[in-house]
Every structure is written in C-alpha cells, then in structure tokens.
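What follows is subunit A paired twice: with subunit B in the first complex and subunit C in the second.
What follows is the complex of A and B.
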C-alpha cells in the first residue's frame, strides 16, 4: 500500500516540476490559442456569409455590363473559381499576411483599414474615457443613497437615456451644438496642425492634437456606453453599501465619504470593469453609426462603404482588425480585474 | 466596578415599513458596568442585534421610530447625537465585533489598512507608530506570524484568523465597551474556544466592558458575568449567569434550556418552546420516552477505502496535474435502522463524502456498497432508496416552486403521475413531517426556517427511502427549532425504520441522535465507534481537543 502511494507521489512531483517550467506561460499560451481560434472562425464565417450577400462583379461592372464583361471581371479577380478553392487561396494568402486588394480601389485591403483605424481608436478611446469619467462619480453618487428623491429622479433620466437610440442622440447633438448654437463642427475630421508622419514607407500615423471636430463624435459614441455603465456602477455601489464590511467600517467610526470612496466603490468597480470589456464590441457597432452620421473617416464608416460596394477583402480585413481589438480590450479588462481584486491576484500566482 | 458604561432605560423601537410597523423592542432596560461581561441570549428575530446596533446608532434612522426610552453610553445620550459626534465615538469609545468574519472585512483592503484606518481616524500618530500598535495587537491575539497577517488580504486568512483580526481592530483604540455580535457562531468549535478565551482574557486585563450577543447559552455560561434572556423584543429574565442557567424562573428560559440536547438522555424527545409555553401541550408529549430502533444488525451501507480528490492545478490542455485530497481512505459501515454520524470541522471532507453516497460526486478510489452490492451496479430503483437533506433550507428549495411540486419532484423522475396524485401525495408527506396539508400551494419564502427543513425532509421521504443522508440538517436553525427537527427525525426513524447518515459539527446534537460516530480530521477518520464511548472517553488527540472545546452549561469560575 505504502509503495503504491509513493509511486503516486513521485508522479505528482514530476508533473509539478514540468508545470513549473511552462507554468508562467500557460495563461499567455491559452490566450494566444483562443485568439487564433477566434480569428479563424471570424474569417471563415465571414468569407462564406459575404459570398451569400451578392456578386461583386455586378457592382464593379455596373448595371449595363454585358455577360462577356462580367466574365472578364470575374476572371480578373478570381471570382470564377469554385468557392472552396477561393476560400483556400484566401486563407493561404492570409497566412502570408496578404489580405488581398480592395476591389474598388485596388489598394491593399489591410493598409486601407490601418490608415482609417487611428481615427476610430481616437473617438472610441475618448468615448470610453468620457463614459468612465461620468459613470463612476455619478454611479457612486446614485448608489450611495438610492432611496433619496433626487437620486431617483436622476436614475429615471439615465434610464430614459439608455432607451434612446444612439443615432437619435447624435442628431440631437448636431441640431443643438452645431446648428442652433453654432459652437462645434458637425462634419469631418481634423487632426490639428501636423497631419501625418511617415513611420514606414506605406503606413502613416497621424499625430492627435485636440481639435473641435472630435468633440461631438466622441460624445455621441460615449452615449452608447455611459448610461448602462452608470447604472451598473450605481447598482453595484448600492449593493456594496449593504455588505457586512460597510457595517464594520461604520462601526469603526468611518465617515460617509470614507465608507463610499474607500470601502464601497472599489468593490463596486469590479462589476463595472467586466462591463467595459463586454461593451467594447458594442461600442464598435456604435462607431459605425456615429462615424456615418458625422462623416468621420474611421473604420466604422469604411465598413459601411465597403459592405455597400461588396468590397470583400476590405470587409474581411476590417472584421479581422475589430476581432483583435475586442480581444485585446477583453484581455486588458481581465488584467485590470486582477489589479482591482486581490482575491484574483493571488489565484493568478 | 460600580461605574456604569451603558444604561438603556425602557427602550422601545419599531421598524417602519409600508406593510405595517414592526415592534422590535418593547420596553428594554439594560445596564453594563465597567469591566463587566454581559450576555444577551435569544433566538433569531428576538431583537438582540437590534439592541446592540442601537447602542452605536447604526440602524438606518429613516427606517426606525423610537416611541420611548433613552440610550446612554458613557453618560452621553447617543440618540440625540449627530452623525459626526457618533463617528468620534464609534471605534474609539465603543467598538463592535461582527458575526461573519468572511464578509465583515473588506475584501479589497489589506489587514494593515483596515486596522490603520481606525487608528488614524481616532489618534494622531505616525504610520510607524500605527504599525507598532497593530503588530502588538495582532501578537496579543496570539497570532504567531503577525507581520504576515498584517500584510495579508482577508481572503488569505482562515476564519479564525480573520476573527482575531476583527477583535484586534475592536481593541485598537482601547475602547470602554466592545459589542460582540455572535462573534464565534460561524467558527469551528475548537477555534471558538480559542477566540472566546482571547476575548475574555483581553477584556478582563484592560477592564473593558463586553456586551456579548449570542443564541448559544453554553457560550454565555463560559464567558459572561451577567445575562439577559431576550424573547420577542423583551428581556424576560436577567441575572447572574449561574443563577439564570442553574435556576431559571421564566418559562421561556426553562424551555430554551430544555431544548438543548446537552445532558439529555440520547434519543429522548427534546422539549420545544411551544411545549413549554402552553400548559395543555405538555400532557400530550410523552416525557423522555426513549425511542428504540429495531436491531436487525444488517449492514445497509458500506464505504471501503473511499477517497475523493479534487483537481488543484491544470496543464495547458485543461487536464488536472495535481490533486487536493478531500477524503482520504475512509472505511465505515452503517447498520439498518441506525444512525451513523460524522463529526468534524469545516473543510474536513464530511460533505464530500455525503455527496458521494448519493452520487453527487464520485469516489476517486475505493467503493461504496449499498446492501452488499457496489452502488454503481444497483438498479436506479434501489439507488433511489438513498435520499439527502441539505444544510440550509433557505437556499436549497426552489423559491418559485410551490411546496407540493418541491415535495413530489423525485416521484416524477421516472414515472408521470397525474397532478391530482401528486397533490394527494404531497398532503400525505406534509402530515408525515408535521406541516398543515393545506399549505401545499404556498411558496418556500412563506415558511419559517424550521418549516422549510420539514419540507426538505418531506421531499426526501417522497420516494420511500431506506437511508437518509442528513448534511447538517439543523445547523442553520434556532435551538428550539433544532429540537423540533431532531424530534421529527427520531419519530420518522422509529416509524419507518430509516437509517441515517448524519453529518454535523455539533457534538451535543451528534451525541443525542447517534448510535455510531466517526470523527473526521483533515480528510481522515481518526476515531470511530459507539457514539457514547467515543464522545465521552475520546482516544485520539483531535477528539480530545474537540470535546474539551465544546462549550458547556457548567460554569467555570
């Protein structure tokens, strides 16, 4: 009996040693595997779904093209081959980093996306920042004493905000701030004085210098996230206020301020951080609407345009980029969880 | 000793609610002198925590109304103080120790920050001095590695350690009064003994008054100089601890003492509060009738070398690479019609073993035999003869299901009885477990804790089981309700010749109900035998320690 258990122990010891060697990298490898699976599925699904959407040759050739012209265009872009062959060719090119060329303009698809990406990242980042800056103090204030009449009224207003579609708020913003008050521009984008610097030969990165044109698009986009985030912070705060450790803090003589900011809010933010991660994908959807309304030259606008012209390579490259972005934001959220919650920190170790 | 620290005079308090106001306290008067340890004992909902919270004015002011009475702490009328004045008092002059060490400490702050917060709030000291004071306090709490604990987050500490931290926090500003609200209820009995002696020692040394709130008369007997007995918002009895426990005068106090299994003949009926408070009921209860079970000596359940392992770490592919042993090579057997009890502290593997009997988890090694055959080879209709009752009736019943549906759910597993048949069956089961049959359409939240546990037992009985696995069936209940449930279990056992596999951390209950007992410690069974023998003359070190830690009603002076 004892020898058997010894053998068993040895086995466990050995496997433990093995685990220690690769142990620290396990989360990283797991994340990477997940990302690769995600990208494979996104590209594959989108490839076949886009082929269902229509024939790009018809769009390219125009309405009064003859069958011969159509056939020539199909042959030129490789659209005459069987679908599976097209798929394998596409995936092979993808593995070499080649996303194909735009059907509309002939530029490299990924290059086109990457030049538009910073504009979207700018308003998405600003929108998130605005949402967080409003939602945390407002949510904390609402959740601290939710039964007060003033808090109830504000909660009601936020609830209504949450129900208003994003494009309606965007149009109201334009009407009020651009048309009536003439305070802010409602169309286009300016980067400030310096427009671009060339980082590589074909990829240029703009330098963001605050410009009035950013304000309305990012505020409208923030509207997609802010109400729900405020409500989550408020709900979590009022829940945390009912916890036993709040009673402990009060029994130790803590003032109302200290109870809220030091004891309740850090716990309440754990739930809010999770929401930010999941809502980022939603924010990208919001970017499509916002950029179209404000003629903002970002990837949301590009997505609408390339879908309308059935520009498959560009749509594919866009989806690829957005998938990676959503993935990165979620990974950051997970990390921030470990920063906020000590219980997860020690688990990670 | 004559200096008065707390004086509550004829205090009444009601909770305001739209559905009608609820009188929580009815003319309560309380006095605590300097250095005195005073207990308030009573059942849940009797108003003892409300009394304590009111001393610190911690109840939400908008939700209460105080029609009469005054509360004075350290000669200050706290009911008339402003929130700012109270904040100076709280933590410095009066501090509080709460029940649940798991939830009473803030999970995102280090022990260091939680103690220092209080120190900085009430004293003008440097961080260095604060650290010195804190470490000293932790050391006084008999924490062997105070520096590690000081730098820890609450989740990194055990329940007992957290409660020591709580007590250290309470003593940090040398208060005049400490209110301890069920400070040891959530702890294992061996830890409870340590915590109680720590509290008493420290309070006596610093001449701090303590108001101890508990449901456990034995804890009061160990700790308190004086005790108040609370029942439905009133103090029904008050006096020196030995007087109250030795010669109780009020019927409620007597009833409370009688409902304790401690010192009663094993398997005798325990008195319940209702019996004692209504004279008529007394005659219908057969006094101390010992219930005998049929001795068939047939072994109904056997566990042979049973081990349970849970995976601890995983490799890249999600396959487990190291294991935590929850149950380690346990061998035991249960005779038909008998009660086999498993005693041990939390985390020792009791529940894992119980779940494996009903198939809720699997043994990693060894086997379980039911009626001589490996349980996995038994047909489903035989396996159905084993049923389980869980610990917490608050959460183990589906809140959206009516009672009849809950109770008869096991019957619908294989057959499809009609609605009518199920309702008739449910009424029968209700009668069996002592519930009114007309309640079968009600939802679980309309019942009290004891009634809910009856529903859970009724559900287990629906398929006519031979063996009931009872996982701490009374530990979430008040003592008088516990007495009712224990009586019911004993009645059902003699009526249906049931076998019980009973799991508990409460030695007095186990002693009362069991024929055989096994003591579990760190995943292993360390001692096993006849219940009386094991629990009165323990052999193993752990059992001895356990038995000496159990608080008793005997007063040690």
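What follows is the complex of A and C.
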C-alpha cells in the first residue's frame, strides 16, 4: 500500500496543507458541506413526500368540513398556491430559521421538537450509561478466558439476548415488573421547574424530576444495547490477549488481572468506543418504539404522533433536528478517537 | 473481512448441486453451533412453506366462547386470544408473512446494494459522489425513522411494506460491496478481462461480484434478522401490516390490552420473533465461521 512514490506524495500534500491556512479545516469543511447537502435533500424529499401523503387542510378541518371551510384553511396556511411556490416559500422561511407552525397545536414546530429533546437525551444517556456499566466488566470477564465453559454459557445467553428486539424487551419488562410483580410504574415522565427570578426576568427552567418511571424505559433500552456492546468488548479483549505485548507483559511477571485491566482492556475499549458512538447516534432518532410504549415524551414519540396526524412542519423540524444531532454525535465520536488512540495522535492530523 | 477465506466456503456453496458434493468437507467444518443454526432454519422454513397443513384452526376464525384459553387446554396448544382465535395458527401465519416480507425485501436490498456498490467502486467520478451522498443521507437517520416517514406516506399492505424496506435499507450491502470491490477492481485479473474486451457489466457482475460472495452470504443472514425486526416493529406501531392480518407485530400490539388477563398473548409472538431472529443470527454466524478460520465466530 505504501510505495515510495506514495510516501513522497503524502509528504508533498502535507507541506502544501501546512502552507495553506485552510488546510487543517478541509475535512471539517467537507463534512459541513455534506451535512448541508444532506439537510437540503432531506427537507426537499420530505416536503414533496408529505404533500403526497394527504391534504393537510383535511386533517386540520376534520372530515366533515364544508368546502368553504377547507378553502378558508387552505388560504390561511398558503396551501392554495401551486406546490412549487409553496416549496420556495417554505425554503425561504427555513433559511430564516422559521420551520412553520405545528398544524395540530399552532406552536412553532422547532420549538415543539426542542421541548421534547431533553427527555430523549435523558433516556438515551441513562440507557447508554447502564449499558456501558454492565457491558465493559462483563465483556472483559468473557474475553479474558473465552474458552472456559462458564464463559461459553454466558456468551451463549448474550447471543440470544442480542436477538431480542427492543420493543419485545420493553413489553416483557412491563409484563414482569409492572403487571406481575407490580414493582414499577410503566408510564410517563414528570417535569418540575426551577424558578429563576432576578430583577429583570422571571425564568422557569424545566428539569426532570427523578422518579421510578425512569427505571423501566432506561433499563429496557439498556437491555437492548448491552449485548452487542458486550460481545464487541469480549471479542476485542480476547483478541488483545493473544497479542505479543501481552505475552511480553506476562513474561515480565505481570499477573493475569493486571494484564487484563492495564493492557488488554484499554485496547478493547477503542473498538467499543466506535460502537458506543454508533449506538448513541441511533438513539438520537429517539428510541421510537420504546418511547411510544412507555409514553415517554421524547422525539421518538413525537415522530409517531406527528406522522400519524400529517403534521408536516413538525416532521420536517424533527428530521432536521435528528440529522444534526446524528452529525454532532458522529463528529464527537471521531474527535474522541483522536484522544483515545495514540496512533492517530502521533500522526498529527 | 477483506481477505475472506474463500476456498472452504466457496467449495461448500459452489458444489452444492453437483455430484462431487463432499460430505467429509462438511463434517470437518460443521461445529455444533452450525448444526443447530441450520436445523432451526430448516424447521422455520418447513413451517413457513407447509404452514397450511400444520395449522390446527383457521387463524382468522374466532370462537367467542373460548376467549383467553390458556395454552395447552381445549385444543389450543398455545392458547387463544381475545377473540378466541388460535394463537398457534396465527403464529404460523405471522411466520409466513414475516419470512416472505423479509426475504423479498432482502433480495431487493441485495440487488440494489451490490449494484450501487459496484458502480461506486468501479471508478471515481460523479456517479461515486452521488451514490456516496445517497448512502450518507440514508445513514444519517436511524433506519426506523426513515421507514416510519415513508410508510406513513405510502400506506399499509404487503407490497408497500416490502417495497419500502427493499428500497431503503440496502446501505449495509452497498458499503461492504464498495469496500471489497474497490480493491478487487485493481487486481490483475480484472485488468486482464478489461484488456480482453469483456464488457463493463460483465466485469462487474461476472468477475468482481463473485469475489464478494462470501461476505454477501453473511450479510444476507444478519440483514434478514434485521428486516424481521423492522417489519414486526412497523406492524406493532400499526404502520406495516393492515389491522387484523395475523402478523407478529399486530399480535404484540393486540396483546398490550390484555396483559393481566392473558400473558401468553404476549409471550407467543415475542417468543416467535426472538426465535426467528436468533436463528438468523446463528446462521449468519455459522456462515461467517465457515468462510473464515474456525473458532472465531464471536466477533461478527
């Protein structure tokens, strides 16, 4: 792969980049361009798709509205103009940061999405945390001596867990913990507020109140994320245990445990970090079904509700928001690799 | 997966129909995991194909006097639901629906994904940029979000569901084909074929695609499991199969109102989904461990 001429070329490229002030930012600019193209494509596609889906005026007015009422609503929302004009108007508003108003409630669409966002972030963070706390020790234990019968049995069980879809887990958790054992509540989430009063303003900042209702959604999501993470940690650990540097450390007199925790596991975690990033990006779309099942007021739940009522400004804002969130999470994952992986650090890009 | 150990696996699959099919070779590579995987798969396929003969009741016909019969009594060997319909027969119907749906969508995905992957890998240019941007777009959303948005528009039903799944979830194929084919296009035998005047499409599908075959089999199995989940998730949300059609997703959705009275209404379809998904994962693992060195099946 690295012939002499290629190495030379790389050197020339690097010196060029150093001379150029924009050089270091080129990957970033490329990514940003991609994101902008993506956002444009998505909003355009969604706009025409959702208009094909049905007449928003019918949704607004109800099925038994008279033609005059329908016409009035169409005029009010600008739905009587040709589709292309509507599209250009919509894009113009979008450029000014105006996503339109929700057809169902009349609130600003983006505002509605942003009020739902903290709940999704909360559940995603909690689930990820629980999953990591279980998966890393378990994976290290499994990968340390994968051929032992007890570990083989446990990895077999984890393999089966991996095949359980998230919504099945959620339903079974409700059945067991809420219906049969009556231990935990299965629905909803509460918000409290902190009043922040000073001379000039009177803000009330919403904060989630910790309660038992968090347990089931976050645990069932974690249950869904944990098996694949465990398997990756286990596979990477067992692979690292076969490396030469482990044998060297062993020969140098390091005990099995210290080899595992000091040498093998840090390497295994690098591979796991990529998966954690992917999983978190996936959760940014809202764990749609988990949120629906537990009536958790996050963006996944909002997605279901707004698509079913053809509330297209909200769907548009949601898609926009999810795309940007996924982008941010992926960017953070990539950046964190620069810190986690010494090999990337020394390259200096 | 770039240097997949082809010989063992290609020998297995390639000779399958011919006379010199070597059972000894199979015995060498078949570990218990693989045997279990393919046995389960055979059973599922059997039920899916001959479902009509092993159903004990009409899956749509209820008997209101026998609502909520627990499993194992009065001839309902997996119990009956809130309308007195036999859960076993409905589960078999659900299996047929899910398998048909996942299989068709998977074949569509395979076709679209590998074609686009090959086109993008062939040479740099506008086509590659466009395809990569398309992949980037599809990847920037969790799969289910896209599916939900589209299914709401196109409506319910088997054909629309299959088309939606088939046209939108081929990214995994494209990425693997693209990654592996990119290096294959640089190989001497492809260059030689080009010089010999073999047509572009024939190089792509005749010379390069066979080199990716082993990975495609593995993805086919894992992706099958993913599609089973996606299909039942959409049905569960009331977006996939029309109401009343006995699918696993619909059965789960129906069970939610009777959790206290009839937990088996939840357990039967949940168990079916888990069995099918685990089977397909096992099959994928098995194929992967056939196509590479033995004993490394954990890291797929």
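FYI, the second predicted complex is superposed on the first by the 286 of 349 C-alpha atoms of A that agree within 3 Å, B and C clash if a C-alpha of one lies under 4 Å from a C-alpha of the other, contacts with A are read in each partner's own complex, and residues count from 1 in each chain.
In this text, a contact is a pair of C-beta atoms (placed from the backbone, for glycine too) under 8 Å apart; a residue touches a chain by one contact, two chains touch by 3 or more.
Everything quoted here is computed from the prediction, not taken from an experiment.
When both complexes are overlaid on chain A, the residue A:114 reaches neither subunit B nor subunit C. After overlaying the two complexes on the shared chain, residue contacts for A:155 are found with subunit C alone; subunit B is out of touch.
Looking at the shared chain after the overlay, A:59 reaches neither subunit B nor subunit C. When both complexes are overlaid on chain A, the residue A:134 reaches neither subunit B nor subunit C. Judged by the touch definition given at the top, the superposed model places A:179 against subunit C, while subunit B stays out of reach.
When the two complexes are overlaid on their common chain A, residue A:341 makes contact with subunit B while staying clear of subunit C.
By the touch criterion defined above, A:71 reaches neither subunit B nor subunit C. Judged by the number of subunit A residues each one touches, C leads among subunit B and subunit C. Interface residues of subunit A facing subunit B in the complex, by the touch rule stated above, are 12, 15-16, 18-19, 22, 26, 29-30, 147, 243-245, 247-256, 258, 262-263, 266-267, 340-343, 346.
Within the complex formed with subunit A, the subunit B residues making contact are 56, 58, 62, 83-84, 87-92, 95-96, 98, 100, 103-110, 117-118, 121-122, 153, 155-156, 166, 169, 313, 315-316, 321-323. On the side of subunit C, the complex with subunit A involves touching residues 133, 136-137, 140-142, 144-145, 148-150, 152-153, 225, 229, 232-233, 236-237, 252, 255-256, 259-260, 263, 266, 270, 273-274, 277-278, 281-282, 285, 298-299.
Within the complex formed with subunit C, the residues of subunit A that make contact are 34, 37-38, 41-42, 46, 49-50, 52-53, 146, 155, 159-160, 162-165, 167-168, 171-172, 174-175, 179-180, 231-232, 234-236, 238-239, 281-286, 288-289, 292, 303-304, 307-308, 310, 315, 319, 322-323, 326-327.
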